[in-house]
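Letters A, B, C, D, E and F mark the chains as written, and numbering starts fresh at 1 in each.
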C-alpha cells in the first residue's frame, strides 16, 4: 500500500490546496494531510482550527487523514510509514525552494521521496497569504476558498461574511 | 481617455521609478502615481513625505497626479476610473511576484488590467532597499536617486549630504 | 492618439493571442496586429492565409488593423506612427527572451517602447507550436483555437475536422 | 492498482533516467517506460535499439515494462490504463517546458495527471545530448551511462570503447 | 598579486562554503574570507565565534585570511587592496539576488569586480539556514558541516552532540 | 601564474564579449580567448576570420592570446595548462545552460574550474545572433560591435557600411 504525506500550513486552506489533495488522493492509496505546527510564526488560524477546517472541507474524500505535526517532516513521514511527500508547484521561486527542501529531506532520509504536482491553471497564482491580505481589506475571497473558510477568515478580521453581497 | 495607475512604495523614489513614470506618462493620457500606505511596515519616509518628494521630483510632467492609497489596489483603481495598472519589471523573482499580483487583481476585478514596462538597462538592478542600505553606510547614492532624494535620505540617517565630496 | 503594434507569427492564432489582442484593443486607441513574414522558417499557414484568418476571427473588434511585415519591427513601427509594441508574457523563458528583444528594440529606436500583458491563466501554457503538434496527431484542439482555425489546421494535416465527434 | 508511464527519448538512457525509473518503480505498482518514436528527429539509436538497451539495463526491476509509442502521450496513457505520467525535473528551463506539457496534457485528457520527481543531485545536470556530444569527441562518459550504453555509444561514433583506459 | 574577498555570514560555515573557499584559494593568490557583522540580525553564532570556527576549520589553507567586517563591502575591498569579490551560486533566486548585488557594487566602485563559482552538485541546495533548522529539531547535520561545527551548533540548541549515535 | 580560458563562438565578437575579456584579463595573469570551431553550424565568419578580427580588436591587451579549438573544452584547457574557464552570464536561461556545462566539465576533469562574470548592464541583453539578425535587415549595429566588426558584418550581408549615415 502506498501512503503519501501532503504537508503545509493551510492558513487557511485554499482551492489550490484542495485541488492538489483531490488529485493526490487518486494517485496514492492513502494520503495524510499534515498541518505544520510552526511555533516561530503567528498564524491566522490555530493548528486545531486548521485541522478542523480541513476535516470539514475534505470529509467526502475517503482515503485521507488530517493530522498536525512539528519537527522534521522526514521523521514524521517515517513514524507514519509514509515513503512519499507530495508538494504542489506553482512557479519558479516555488520550484527552487521546493527543490532545496526535497534534496535536504532526501539527504536526511533516503527512504522518503518527494513527488510534485503542478497546481491547476486556475489556481496557479493563489496562496494563503494572498487570501489573508485580500480578506484583511474586506476584499472578495469567494473564488479562492470554500464558503466555510471564507466565513471564518472574515470573522478573524472582524468582517461580516456577507458584507459584499 | 486612458488613465493608468503606477502603484508603489517609493521609499524613496529612484531613477528606476522615474524612468518608468516618464515612459508610462507618454503611453497613457493620464498617470496616477499611487503611494502605498502600508501600515505593517516601518518606512524610512512617511507617506506624506513620499508624496511631497514625488511632487517635487516629477513637477515637469503635466499628465501625472500623485496620491496615496491604502486597501486593495483594484478598489482604488475603480474609484479613480483607471482601468490599467502599470508595473516595472526587473528580474525573474520580480516577474513571478508580479504575475501573481496581476492574476489576483484580475480575479478580483476583471475590468482592471495590468501592463508591464521593463526597467531600462542602467537601472535594471536598482531598488529602494538598495538605496536605503547603501545610504545607511554613508555610501554614494547619487547615481541611484535625484539630488533632493539624496539629501533627504542622508538626513534620515544623520549623514551630511556632501560628506563624500 | 495612442497606436500600438502586436507582432507575432500567429501560425495559427490561438485563444491566447485573441485574449491579448482584445485586452490591448481596450488599452490603446488603435492596435495593429502585425503578422511576421519570416522567410527562414517554413510556416504551416502562409502569411496571406494568416492575415485572412485574423481578419475573420477578429472582425468584431473595430479599432484593430491586420497587416504583414518583414524586416526590423522598430522600422515597421516608426513607418506606421506606432510608438508602443505589445507583447504577451507566459513564463520565465518567454520573459528572458522578451526582455532581450525589448531592450534591443529600445537601443535601435528610443522612441518605441514595449509593454507586456500577462496571458490569462487559462491560456498560460498555450502556444501555436502546441496547437500544430496536437493537431498533427489528430488530437482535439477545440479548446485552443476558434472553430475556423480548428477546421483549417486539421485540413493542413489532411484530417477531417469532425473526426473526433 | 496504480500504473504510471515514464516517457522519454532515452537516446541514450543515462544514470539520471535510471535513477528516476528506480524511484518511480517504488512509488507506483507498475511503471511503463515509454520510448518516444519521434519521426521528425534523427536519433543516435533507433527506437528498437533503445527499447533493447532499456530491457538490458533495467532487467532487475520486476514491475516495469518497456514499450515504444508514437502520437499523443495522453492517448497512449489511456490505451494502457495508466492515469499518471512521471517526469524528471532538473532545472528551471526544464520546469517551464514540463509545466506547459503537463497543462496541455491535462486539457487534452482530465483523467491523466503528471507527477514530477526531482533528479538526484549527482545527475542534476546530465542529459542525453551531453552524453552524445562528449562521446562524439571521445570524451569519458563512464560516469554518465552504464557500461553497455558506454560501449554502444562509442561504437555509434566509431570509437573503441576502452580508448581512454 | 591577485587578492580576492569571499564575504558571507557563515552562521554556521557549511561544506558548501568550504568547497567554494578551497576552489577560490586555488584560483587567486590570496583569499580573504570576510565575515559579515550584520547588526540588524540576531545570529546563532557571534561574529567572533564565526571567525574562530573558520580559523579552526580552514587552518590547512595557507593563502587565506579570516576577518570580520561591517559597512559597504566595496569599501572593505578597497581598504584591503582586493579587486575581486568571490560569490557562490546555487540556484535561480540566488542568481538574481547576486546579480543585483554585483551590479550595485560595480556602480559603487568600478575597480571591484565580482566572480561567481557554482556550488558543487552535492552541496547545491545546502544553506546555513537549513543547517540551523535541521539542528533545532535534533536532526542529523553531519553531512552538511564539519564535526566541530556540528558539535557547536547542537550546543547552541542545547542538544548533546552524539544524541543520534 | 594563473592562466584562464574564455571560450566562445564570437560570430561576431560584440562589445559584451570585449567587456568580459577586458575584465577577465585584469583578474588573471594570462587569458586565452578560444574560438570554437563548431563543424555542425554554418557560421557567418570562418574561424580564421574570427581569430583575425579578435586579434585586431583586442591588440592593445598585452596578456591575452587568441586561438581556435575543436573537441572538448576541458581537454583543450589541460593541453594549454589553464585551470580556469571564464564565462559571461547574462540571464536566467544562460545561467541554467552554463551551470550544466560547468558541472559537466567538472565531472570530466576535476582540475578545471569555471568562474562566471556578469555582463555589464549596458550589454546585458546583447548577443551575436541579435547582431547578425539586425545587420541582415540593414539595421544599425554600431552600438553592439566595434567599427571594424560593423563594416565586415555588413559586407557579409552585401550591405554598404555607411548606408544609414
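Convention: a contact is a pair of C-beta atoms (placed from the backbone, for glycine too) under 8 Å apart; a residue touches a chain by one contact, two chains touch by 3 or more.
Computed from a predicted model, the values in this text were never measured in an experiment.
Path length between chain C and chain E in the touching-chain graph (shortest route): 2. The set of chains in contact with chain E as well as chain F comprises B, D. Listed by label, the chains that touch chain C and also chain D are A, F.
Taking the CA centroid of chain A as reference, the farthest chain centroid is that of F.
Interface of chain A with chain C: the two copies contact each other largely through the same residue positions, with over half of all numbers used appearing on both sides.
Taking CA atoms, the transformation carrying chain D onto chain F includes a rotation by 120°, reported to the nearest 5.
Taking the mean of the C-alpha atoms as each chain's centre, chain B and chain D sit 48 Å apart.
Rounded to whole angstrom, the centroid-to-centroid distance between chain D and chain E, based on C-alpha atoms, equals 38 Å. Centre-to-centre separation between chain B and chain C, using Cα means, comes to 32 Å.
Residue positions of chain D touching 2 or more other chains, listed in rising order: 92-93, 96, 99, 103, 121, 124-125. Pairs of chains meeting the touch criterion: A-B, A-C, A-D, A-E, B-C, B-E, B-F, C-D, C-F, D-E, D-F, E-F. Contact residues on chain D toward chain C in their complex (touch as defined above): 71-72, 74-75, 92-93, 96-97, 99-100, 103-104, 107-108. Those residues of chain B that touch chain F in the shared complex are 92, 121-122, 124-125. Chain C contributes residues 2, 23, 26-29, 83-84, 89, 92, 95-96, 99, 102-103, 106, 113-118, 120-121 to its touches with chain B in the complex. Residue ranges on chain A touching chain B, taken from their complex, read 91-93, 124-127, 130, 134, 137, 139-140, 143-144.
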